[in-house]
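Next up, some structures in structure tokens.
Both complexes below contain chain A, partnered by chain B and then by chain C.
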Partner chain A sequence: MTAARRPPLLRRIAPWALGLACVVAAWFVALATPADTVAWEPFPVEARTGEPAAGRNLTVTVHDAVRATSVFSGGWRAEGTWVVVDVAAEAVSSERGASLTSAQLIVDGRTYRATERAETMLDERLSIGIARRGSLGFELPADAAGTAVLQLALNPDTRADSVIEYRIDLDALPVAAERELVDAQWAEAP
Partner chain B sequence: MSPPGRRRPRRSGSRRAPARPVAAAAARHSWRGVGAPRHPYAVVVTAPDLDSPPAPPARATRFARLRAATDRVPTRWFAGIGTAVFLAATAAFGGLEAVAVAEVPRLAAGEQHVNDRVALTVQRAVLLDTFPEAGATADPAQGERVLALLVDAENRWDRAEMVQAGGGVASTIGVEALKSTPPTSVARYDDASRDPWLQPLVPVALVLTWIVPGDLFTDGEEIEVVLSDQTLWSGSFVVDGDYWSDPRPAAVVTVPIEDRGDGS
Partner chain C sequence: MSSREVLAAPASGRGRWWRRNGAALLALALLLPASVGVIGVQEWRTNNTEAVVPADTIPAGESIRTEGALLGPVAVSDAPGAELPPGARAVVATVPVALESGPITCGVSALRETDGERRRWNTGASVTGWSAPRDSWTTCPSEPDGSDVVVSVVFVVPTGAGPFALDLLVGPESRLLRFELD
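Here is the complex of A and B:
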């Protein structure tokens, strides 16, 4: 091969430059691509105190949240650090499978489940048009502090389903010496 | 069965085949058909190429040189060298001596064992006639009794977890004398609720109960409780969620049994 037959410099560099540009572009595309889990992430619905928040088949009104050192229900009593939330809930489009089976409080990256030790709103069957109202109790470690997020859903598997979220500032909650965990009952207003 | 008389002539015919003229036999094998071997071109085509091969190109000589160079590498020594290196490495790591198994720490009642999933403290072991409050009803007619293990548990994972007799945290607690069979029931000590949930960092006193043969344990006898550590796995592809698996003994707690009779 003689020097005269060599292609011009630009033509020799162009494929390399183009290839490099493609690699860099692919890197940016990979950076901007959402994770696989995004496709089935739950749809959060923000709830405010006293206002109904509607999800796919669940409408929830959070009425009240307090911190208590002792909770009771009927003859049952437990000491500890408790957060008691009073909620009213009803189904929206179907009563089939409409139970409040997922009630959890996220504190400091840890997920607490509403207590099953007393009869409460947990696992309560919901109806359309008539709300059920009652308590949800969460047992926390003594030093629990900061912001907590209450998450309510119809199914423990919340993938691609709506989740009612209610923010609670644990430090600003009113503290009660004792509080009743109220079992679900019919409520006139949601 | 075909009559032998019909086959014999064929066999004799095939035996006769080599006796045919060579040209006819060649014609039979040629794809050009009868008469092809007589054609002058056919001879040219089938004759071996007597021309000397053309001079090998520069690349071939370079390859040949490379090949000649690699042929001088004494590959026959490779197996011996590899074996020697393997034996030297084995000797360096202690030879073929049996590796000492790490001793599982031994704890006494009241001492805590902590892993990534849960912190467990075996407090007491009690032998009772029956313990229906905790979910274990023994049949005295069959000589059954109940072994109850009081264990303080604190969830160290990032989410609430239910303790069931058949799995979960209960599967990491085994009584050596019972060959680590799963308990009959798991309940809370304070309010006797069954299959309780362990909330993160909230300590709970648990009662694990086993229905056992009445003559298996005696008062004052020491039993060994094996606590296992597990590894957290995350499901992918067909399995969803996180789960604990792969248990391995991490602590042995020695607890004396208190025989409380009917529990009064």
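Here is the complex of A and C:
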């Protein structure tokens, strides 16, 4: 009589199986859940030579990059291993905080900030829809080689903001004996 | 059939399930939309708190009496002699300020596009070939020469941008006045 009242085996096992399936599913969900920091990671925007790359409030066109053993600007000159990048940049929607304050070159895991020793595009105030153009200079170790990534942003704190990225093959760069670091000016002459 | 047997008669399986889970389902039906609503309202409030809301919006061609001064009407014109690349224009915004009870504090916050992309321009643009009128100021002076002051600022904008409004911060509490422009 007692055995007759017991629910069938499947109905007794079903809740346990369902519970176990939920635990396994939760484990997969936890695995697939992005880390907290993902919410404010920068948004990289890949730039190609001569083509505008548009981020949230920054549009950049990288015109060219060369390697030089000497750079100059006005009466200033410096010898070394330099990478000089010619860029044009403009703001998109707001001039508030729209200066090119973050320009760095990542080489082999190391970060090199654009030189402040000459007047260049670094810290240049940008206009909406009207490009400013000039140079950015990076002094690197003599043995710098491989792929470098130029990162440009409006603020050194790039959390939840776009970062324009341009890949440079240091080994394939044209080499110039000297190169001028050009101060920012309107990309198109008045 | 006895009455005891009638009471003990099993309900159908589906009916039992609904009786057991009805309350939980009802709670779910109420709590799910409530959660979405609460989170949505919270996000909306955060967004709205951070938005810039002008204390007063002054239609084009009109002025406002506030903080002991009569401000406006604001005029805009192209900066003569400005050397700019093709596709750009320099816009000068001029704000007459009639001081009625001594000096006030004021400064232009931004030029805003009131339609389309709603872009925002800051003051402080340097425009080669143009200089501000000699008797104008970029902010309200703390020691004005007389009771009439002219605040004049320049912005570099792409041709075709607009229509515009000029944001002015006035008084010790920086009240935001938005002057619509023609």
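As a working rule, the second predicted complex is superposed on the first by the 157 of 190 C-alpha atoms of A that agree within 3 Å, B and C clash if a C-alpha of one lies under 4 Å from a C-alpha of the other, contacts with A are read in each partner's own complex, and residues count from 1 in each chain.
Methods note: contacts are C-beta pairs under 8 Å (C-beta built on N, C-alpha and C of every residue); 3 or more make two chains touch, one makes a residue touch a chain.
Because the structure is a prediction, the values reported are computed rather than measured.
Of the two partner chains placed by superposition, only chain B is touched by A:104; chain C is not. After overlaying the two complexes on the shared chain, residue contacts for A:93 are found with chain C alone; chain B is out of touch.
In the superposed pair of complexes, A:188 makes contact with chain C only, with no contact to chain B. Once the two complexes are overlaid on the shared chain, A:141 sits against chain B while remaining clear of chain C. Of the two partner chains placed by superposition, only chain B is touched by A:116; chain C is not.
By the document's definition of touching, of the two partners only chain B reaches A:76; chain C does not. In the superposition on the C-alpha atoms of chain A, no part of chain A is touched by chain B in one complex and by chain C in the other. Every residue of chain B that touches chain A in the complex is listed here, in rising order: 158-160, 188, 190-191, 193, 196-197, 199-202. Of all residues in chain A, only 76, 78, 80, 104, 109-113, 115-117, 138-141 touch chain B in the complex they form.
Contacts from chain A toward chain C in the complex involve residues 93-96, 98, 125, 127-130, 186-190.
Chain C makes touch with chain A in their complex at residues 83-88, 110, 117-122, 124-125, 128, 156-158, 161.
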